[in-house]
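Some structures are shown below for you to check.
Common to both upcoming complexes is chain A, partnered first by chain B, then by chain C.
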Partner chain A sequence: MAKHKGRGIATIEYPTGMNQNGDPSQAWVKLKPDGRVDVFSGTVDIGQGSRTVHTQIVADTLGVPFDWVTNDNTNTDSSAVCTGSFASRGTFIGGNAVRFAAEQARERILDIASKELEIAPGDLDIVDGEVVAKGAPDRKIGIPEVAAAATWNYGELITGTGAALKPYADVNNDDGSVELEPHSAISYAACVAEVEVDDETGEVKVERLIQVYDVGRAINPTLVEGQIEGGAMMGLGLGLLEEAYPYYPETDHRGGEFGAYLAPALEDLPDVDNLIIENPSEDGPFGAKAIGEMANNAQPPAIVSAIYDAVGVWVTQLPATPERVLRALDGEKEPRRDGKRVIFDDPVSIRTVSSDGGKGFFETDG
Partner chain B sequence: MRLTVNGEQHDLHSPPLTSLLTALREELDITSPKAGCHQGGCGACTVLVDGEARRSCLLPLAAVDGAAITTLEGLGAADDLSNVQAAFDEHYAAQCGFCTSGFIMAATALIDRTPKASREEILAGLSGHVCRCTGYIKIVSAVEAAVGSPA
Partner chain C sequence: MKAVGARLPRYDGVAHVTGQTQYVDDIRVRGTLWTKALRSPHANAAIKRLDTSKAEALSGVYAIVTHKDVPHNVYGHLEALGIPADEPLLAVDEVRYKGQPIAAVAAVDEDTAREAVDLIEIEYEERAAFFDIRKAMDPDWPNIHQWGPVYPHFGSYNHRRVRKGDIDAAFERADTIVEGVYRPQAIEHCPIEPQTALVVPEANGRLTIYSCTQAMYFSMGVVAAHLQWPLNKLKFVGGTVGGGFGGKVDTASETISALLALKAKRPVKWRWTREEEFLVSSTRAPWHMELADAVTSDGWILGRRMTTLHDAGAYARFSPYGVTKHAFHHTGAYTIPNVHFDGFVVFSNRVPTTAMRGFGVTSVSFAVETHMNRIAEVLGIDPLQLRLKNANRIGDTTPNRVVLKDPSTVPVVLAAADRVGYDLPAEYKSMTNARRSGDLLPEHLVAQLGEPEHSSNGGGR
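This part shows the complex of A and B:
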């Protein structure tokens, strides 16, 4: 009986958003008369930071300071529609919606500024909250003055709307294929897991996770790290601990208490080394792709591969609980059914179900 | 029952077997302790009882009559964070925030008891607090930083 070390790797590619079902996100941007910016997008921030990222996207698209922008998404009734915070779609699809809305508002700002400065909109740029003539930086007007002029002189509201959607794609009923427009926002990731497997108890300890994520542009690197670190522990849980109770999503058989579902605890925390690759997409906001749901996909197969590397057996059902590891080590097979007989072909396996070798309980071949 | 909560004395009218968590949230409207599991398993309801980190969901009021309770609200204000709160803010140690106040209370008690806590002591001291978002990494970094900073 001993402890064995092993190392495994898994890679994933992750298509951003709902790939074939049509998943709109919409947004609306408007300027107050003092030039401050309101954003209404339906994307709900559940702690992942989409509100911060969308605020950054709007501020940088408009060319105004971050703290001029208020992203009020607290009311999903009055805000624009968003399909939801899932499928790694918040930054790419929701982010594109606020970007398109901000781009439209930016054009309106330049139109009004053009009238005030008597310079064609195409010759103007926006830098740090000021509309500036290209090549003549002394010819400029602040966005507060532009918004005031729109409000009080021209009787206009500077606003913009945006929407992003992966269109619905039909499924071919004959062969199940789906035709999709290709897009550039496929995220890629790789995960190496280093484990220690106890062949007596079946316990697996993940000692280290090394992860590489290609996220396009990390619009907010700290938030990207947060997603990758959180995803690492969720993936560890899916690999080792978290049993979706039988017949999920039926709730009849679920555990009756908090402790019946094991989530990773501090004791399970491995060393985690993360690397972010910024390989920009063509169609995401500022080159962003995705990070979020994809962050907990690569760990379970990497862990199972590492278990194989350590003890030479494959665990074929997740999570790789001590019981499943021991059964794999015992070479135990599932019984087969022959009419009213349940037959374990491997005599070793009977010992694990019955102290008398299954006499009078199961029949065995050989 | 009489409790001192965040320095202020209260006479409570909830029945004596009411949990401290319920009394804080529903009678005193102090909502930083969260009801996660109601079984002492998640740590989200942690408050300080006479300086010790305790699960408020498991404590009947009768068992803490006369005690001094500190909740997150008593640690600092938005413009005057405690060192642990400031470290959580600086190190981005919260995502959804549900576990955060429990972690901050536990870390506060830990540092009070073990001002130079090692990484191992931090992991042991926060053990039993569950976080589903952060993977614990930035939480541990924040507490390590708070250990190194003056209170």
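This part shows the complex of A and C:
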């Protein structure tokens, strides 16, 4: 009876945006008379920090300090459509909506500044809240002055609207093929889990997670790390602890209270080593892809593979509870072999459990 | 550029950690009524009789709603995507899962509402319930859903299919076929804030709906569809969520609260209990995935056959969408030229399952990645080298015929290896995501190469 160390790896990919697209986000931007910026986007902040990210995108698209920008996402009267905060779409699609809105407002700022400076808009740039003549940096006007001129002299509201929508990609039901790319981008990640398994109690402790994420461009690295670490905790829950039906498919032992349901707590948090790499997307805001949902996908297979590395058994029904680890240690460890077939998990397969071998699931080609 | 790439603090972080953020339950409106629901105690039963008259007579009860009060009771969240509706907002003549709502009461306080629920008279005729989705196609399936054992509307098919290449030839050619079964579980979303809504009827005839939804416009569309109202009569107030993780894509409490508010002509709040959040709110789906991979002794994956069963619970909800997304990603971060995939949405008498972080893909990532490590073990090949060899590269084509533009399997594996000090041979260390050539373009991968489609983004203005 002993404790054994093991290491396992997983590599994953995950799409940005609703599968098959067709999920718009829209936004609008207006300037106050002192040049400060209001952004109205319907993107719900579910804790991922989309309000902060959208504000950053608008600040840099306009060329104004971050703290000039305010985001209102509070209601459907003042905000335009956002399909929702799901499908890892907030930074890319919601972010493109506010970017496009800010680009339009930027053009209006340059138009007004052009009149004030008597320089063509194409010869102007915006730097740190000032409209500056290209090649003649002493000829400039502050955005507060531009906004004031628009309000009090020209009778104009500087505003911009943006809408991001990738067209719906129809799927061919015969073979699953699509004519249009059915996502906005794909992000990738790798996760290495290092575990210690107690072969007497079946307990698994994850000691370290090394996680690498390609997010295209980290608009806010702190928030990306928040996703990576928060996702890792959820991945630990999936891998080792959480289960709505502990004896699935039976429905007994469902719990029904906090204490009956084990979710990871801070004491379960292993050493985490996060690495962000940036392989930019073609058309996300500033090259961003996404992080979001994928952050809890890589740990469960990495953990299960590390358990195998440690004690030589595959636990392929999640979570890998002490009970399941011990049952696996007591059970058949070798796969069944049949000619060139190497068959794992035979006892739980459809062909074993179904009374007719699951014909309806397998005979699908007529 | 200064803001992008900067480690700026979260917009609402200080308010969250100092308790200043206003969540739905923090909002107080004078005269608000409180809600409780009559829910099915059975996993599968016919409703033989429903009588709310004694409950209505209870002092302090302002409104009770049943299916008769819902202008459009059966509405599917994804009807716009061609997924037909199968679920009533309030049960009509049968219940298909434990906890399914049948009626709801608005009363002066939660105790009175609960007392009124207990006074509703109802008779059930219990039926056999069904839980093991592997037996759904068996001859003795107990007829628990009007569409049959599985969702039948993937075009004319009862499953989502992916077919590419010549699967039989790949299995014929393979040196080894590795088969495995993967069963990730149902879990709870466990938000700190349970499902909560506050609906205020305004003097001008509009409804203001304070909601913890993850998707205000989406939820507004759901309420408008049930009420058969135009959008200008509804105002959703939200944008801040006390934990969602996918579970608050479901519009769980808003519509019934709105119906009660309209009937009572008073503000109505419905705050689910922790017990309801655990036992009645939807879960992540349990999945059953069977993989068989045709591989060569030197570690090429020639083909994959996969059958997936997704345990949808009692109604379809978002499950057909989730299975399609799952199908599109069933080869993971690797390029497999010959595939044969069938994915089924299987009904059971479980609480309906729904979106959760990684929807459709968390399951397949678990199956594919565990299977990759098993293949490495069976073949006696390094698991990282197996991944690098079969990795997605620029110009590779996915099973659904998308040509990849900027895949990163190689960079993330190499970065992880470097980080843990994992030794790889020089020819692996020097790999990139560039288009295949030389040793990395064996004959079986030539036909799948394509030119990436560019400038695809969603970008109107």
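By definition in this document, the second predicted complex is superposed on the first by the 311 of 366 C-alpha atoms of A that agree within 3 Å, B and C clash if a C-alpha of one lies under 4 Å from a C-alpha of the other, contacts with A are read in each partner's own complex, and residues count from 1 in each chain.
Just so we're on the same page, a contact is a pair of C-beta atoms (placed from the backbone, for glycine too) under 8 Å apart; a residue touches a chain by one contact, two chains touch by 3 or more.
Please read all numbers here as calculations on a predicted model, not as lab measurements.
Trainee: For chain A, which side has the bigger count of touched residues, chain B or chain C?
Mentor: Between chain B and chain C, C touches the greater number of residues in chain A.
Trainee: With the two structures laid over each other on chain A, which partner does A:Met233 touch: chain B (first), chain C (second), both, or neither?
Mentor: After superposition on chain A, A:Met233 lies in contact with chain B alone.
Trainee: So, does A:Ala59 touch the first partner chain B, the second partner chain C, both, or neither?
Mentor: In the superposed model, A:Ala59 contacts chain C only, not chain B.
Trainee: Quick check for you: in the superposed arrangement, does A:Thr159 touch first (chain B), second (chain C), both or neither?
Mentor: A:Thr159: touches no partner chain.
Trainee: Looking at A:Leu266 after the superposition, I want to know if it touches chain B, chain C, both of them or none. Which is it: first, second, both, neither?
Mentor: first
Trainee: Kindly classify A:Gly47 by the partners it touches after superposition: chain B alone (first), chain C alone (second), both, or neither?
Mentor: both
Trainee: Can you pull the chain A residues that chain B and chain C both touch?
Mentor: 46-47, 49, 222-223, 231, 234, 257-258, 263
Trainee: Show which residues of chain B lie in contact with chain A when the two form their complex.
Mentor: Residues of chain B touching chain A: 36-39, 41-42, 92, 94-97, 123, 126-130, 132-138, 140.
Trainee: For the complex, give me every residue of chain A touching chain B.
Mentor: 46-49, 222-223, 225-226, 229-234, 257-259, 263, 265-267, 269, 272
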